[in-house]
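Note that the chains are named A, B, C and D in the order they appear, and that numbering of residues resets to 1 at the start of each chain.
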């Protein structure tokens, strides 16, 4: 976050964007039953209830409490209940206990959203300082990130249920991709500029823009497909230690991993659990729901490698991207000149810069307009519940 | 279970009892929000959703599938979803994953109840064999056990919530006891008969009725009170290893136990979480929500001991009982001549006869008429979420 | 422990017994390499180093520090290092860290033994009070218990080693049993006296001698043999949940148990690791190294049951016993009138009286003269590293 | 490893180096008792026994089995027993079970060393191919790495012992440093070459030499001292979440970390366990035995940062280095063009390139001549048992 960097959005433009994004979150909830908002099957996967309350809390805590004089918090207990990881703001619900709570009810959480929306309306009417503008923009982008999580968390939760519930029959997400281009683009090396450039919004981890030196490299024009990955499986990829990181091999063996998450082989046919129900794995779609370990093992098996995030950013105009988060071979580290902001927003990104891997691109669940070429997503290498895929480099 | 032992209840009496008990379960759910049916904070504590579906499943599986010709199961998947621990019936939901499921919805589960009730009505109309009678009686008693669990599980779940939700303001449960009698009854030893006698319903673990030899002993007329237990706390009982079993001492230290479950000391005053909200600990009430380890340590501290279950049964006419489950110093073991029944009902009790401790009596959450003097409840020694209390012996 | 109960042994007889038992421990160590004294593969299995130091510590702490004026402890640090579980005496090495210590060296521990033996000699020379006599007797019996542990712990440790080290080629232990008698003895019920009777030494858990009522029962004259148990295996006993306690079934599945500990099936032949190396399983030997869960499942499979410890004691003159510890179906609980002694010796037995199962008899590793008909051994139901076997009852 | 890259050492020079390094290992063992070779207190810390056998195994497996015709392995079982992590060579001892083995004895392991040394002598006499030369050189460097581990593992093991054993009274290791230079060197940015250059030995992870672009930066001339770190402690550094990575904060809280490993504060004085016994913390010595999390938190507290490994390598001629391994802020990743070698040696480095942090420099326990400016060491961020320190950058 950079409080000193201004945004060009006027208050009314910001208000419009705010309303659109908030409405989008609620539209995502339309197909849900009340019960669907509650469970948290594993620590990384939050309840829907939590995703929609926490994003609201973010506006209350970061914007309304600081910039709307006389603002009355909806419920003081929510400050504790819906804080994710901001130690600056005080104690919070233990992360793996979010699913143990049945109250506040879903109805109360929607009232909370309405209360905050109404107060935000007042903020927009009065006009915003630059600092407030930045925080609203941050809150909007934060809510978009949780829209993606809402879908991926829900998918994981539903997948645990023997009834295999359907979220929406016509959900498209990853199932209707255009065929992937084949072949590699040859990229000439040299000094390149990396990081965000422009006067729109970006996250603090995309800054500062800086030079890197890259050697010549080639990078795949398309993503690895399900058909490609099935070849890897059939060639014994999950059983050949030579392809894997040492920790990846422990992960494969310790968890009996034999296919991407959600895949199931019945009588020789690969099916997968999707938000639209159980469907056949389509060969031409990009493979997804794989860990960094699997992405890396696949690349070794192909005698290729994963690109670094710098190669990816330098080359991304040479290939079409947009529907998978793609694992890079870059650890999530600060760019030169990265500074942690003061206060709670300073906890947004910097403190996660160890033991995580950078993902580039965007997934089918990413809100429209949310990602960009300098955008850096990041997860621990064993996680698979995001729509994560593979692009090869050499 | 004794399929060969008949019951005196006629079909219409049984039907009446069935309807009463089923209605009672639903009355217990009246104060709940939909969200309250879902969470499972720890493995031992089931979701309300699960308690009300599983009891229904029991009638479907044990009675309707066997005795109602042409019965059509409500949903074949429920056979898997709501099986608790009956390996005979097939695979089942992993016990600590019951809270991960949001479907079937609460509404669907109530439809399931109605479907089964309607089919049971047909069974009652047609008349029952002795075997069917026994299984209906067993199902009724089983549902009563889950009524108690529904309340204790809900209490535990609500207690995890920083909002401290109230189930019912006028809930009485353990808070309005008459003063406990003091002093000990002296009981003369000799040969006594232990176990169920009569032609009503009993569980298989209450049989066969058999002789035991008891020495002379004395047993408290009343239960240990909160005031008594506060003395133990203030005397440093939780910090004195000499009072504890070795495993109890590990449990106290490993879990930082310093008071009964749900107790909290604010500025020198003891409060407790109850189903009616947070309330003051009342000195004259019997202490409850303690583990066997705590009950035993308290007894050692008093230079007394816990009674055996045989002493308890032999003496129970000499003292008033009825509102706490009381820890005995007896391990849960089969009576002489105990036989495991064939089929799924054989899994009801026998397979739990190791590493558990017998409780005698009944708690304030026990359904009226459910317990009796030969009734044996049992839990692992560290568990505290039942309304468990202490009676001393010497 | 009963400090008030005297022993008839004179000091010189006690001194003789002391020297014999101490020498026996050292003889057991003869075949060992220095390295063999160190490892502790799991928490329950102590290093040899620890067994021989801790028994010495017992005499120093319980006898010499209290009864030999002017006694100078060998090394004050040993008080901490070799305390097993006596909280009265102070902090101690964490139980599962005993194998992390390389010092004091084995040589120093033998010096410690010599130092204590020499001081004990002085005690014997000066004459003993009744209290001291009792504690010496207790220390001797304690050391005998650790002789058995020394062998069973060593067996477990060696069994972890791919080199399969041999302790002694001519070790006999369990391999050379006489054929087991077949058939059952019919025992008439009635009131029986249980517990130690006499004026020799016994442990506090064998007292007080008391009456129990037993119904008529029958009990096997011989032990279950390896051949019997192989039948159970071949009949699918490890795969049939109906035979098992619920916790036993979890234990079987969670640990992939398919045979007694140390057994291995190569090409259809059963071999077992023994202290004399890997040897064929001999069909007529009593089965051993089984858990209570396995003993109980076997009995259910045979449509029999395990005897209670009271039945066992009442009947033991009717069958030959002596070479296996035999699992009973009795939980380890205090006898009527059991009192915990004051001070550290009070921690010997009483605090373990929860969640453990009584074993009766003696094993081939039990020191000669150590056990008796009222002797009660006890272990958690899942443990198998003792020479534990099965006698059936009905 | 680069089998195609030759070494200039002649066979006789290599033989000399081999003998020196092997003798050095044995000299390090001189002060040890037999028992000291056995324990493994935690998974990361191997027994001494293992370090001296595994380095020998490396020569037997990589050199003798491949290049000495007719070589007879000392004991086929050692192939399994002393394999560290080379899946290519087959099954191996589970890593955290190395301390459970008491055999082969220390004496047998020294015989094994002599057997292999004698065979290696024959190899040197016959002359070596380029490939063999490389593998011998690799084995020598591998043994030097284990010399450092032998000391750090032993230190950790001894530190667990309440007797605080002394390895050598005159051990110097980290206690006698010259005062650290203060102030920062200003380094001008631009394109720099990184990685090994020359025709001597290097590890595969130091290649290929490649260009990176660096911005201007400054780097401390000296290391952070104990006095500096005590300031951090006294300022509440361990209690201020704002200084820590999110995982670092969990690590601090979960392990109650309040000082570097081996430090102990008695009455306001800081002492530390060393291989020479417990000694006072000397203010001017560089701080060591800290995790990456602590190094990073210290840097944030100082409003500085850790250098990247590229900055470190580019600047290292501007400051004196040599006595601490220094945490960088670089993840351990492959250099451009890094290729995993075929066969077992290919498992040396590449498969660890995830979730680890690069250390640069060398520690007081590093064998003379082993490290160099392009040398890359790496550990997980929470580990502290190496002599790890801090250099700041800006």
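The working rule: a contact is a pair of C-beta atoms (placed from the backbone, for glycine too) under 8 Å apart; a residue touches a chain by one contact, two chains touch by 3 or more.
Bear in mind the structure is a predicted one, so any value in this text is a computation, not a measurement.
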Chain whose Cα centroid lies at the greatest distance from that of subunit C: A
Chain centre separation (subunit B, subunit C; CA means) in Å: 37
Centroid spacing, where centroids are CA-atom means, of subunit C and subunit D in whole angstrom: 45
Rounded Å distance, subunit A centre to subunit C centre (Cα mean): 58
Contacts with two or more other chains, residues of subunit D listed in rising order: none
Contact graph of the chains (line, ring, star, complete, other): ring
Chain-chain contacts as defined at top: A-B, A-D, B-C, C-D
List of subunit D residues in touch with subunit A within their complex: 85, 87-88, 191, 210-213, 215, 241-242, 244-249, 292-293, 296, 300, 305, 329-331, 333-334, 336-337, 340, 346, 351-355, 357, 381
Interfacial residue positions of subunit C with respect to subunit D in the complex: 33-41, 49, 77, 80-81, 93, 97, 99-106, 157-158, 160-163, 165
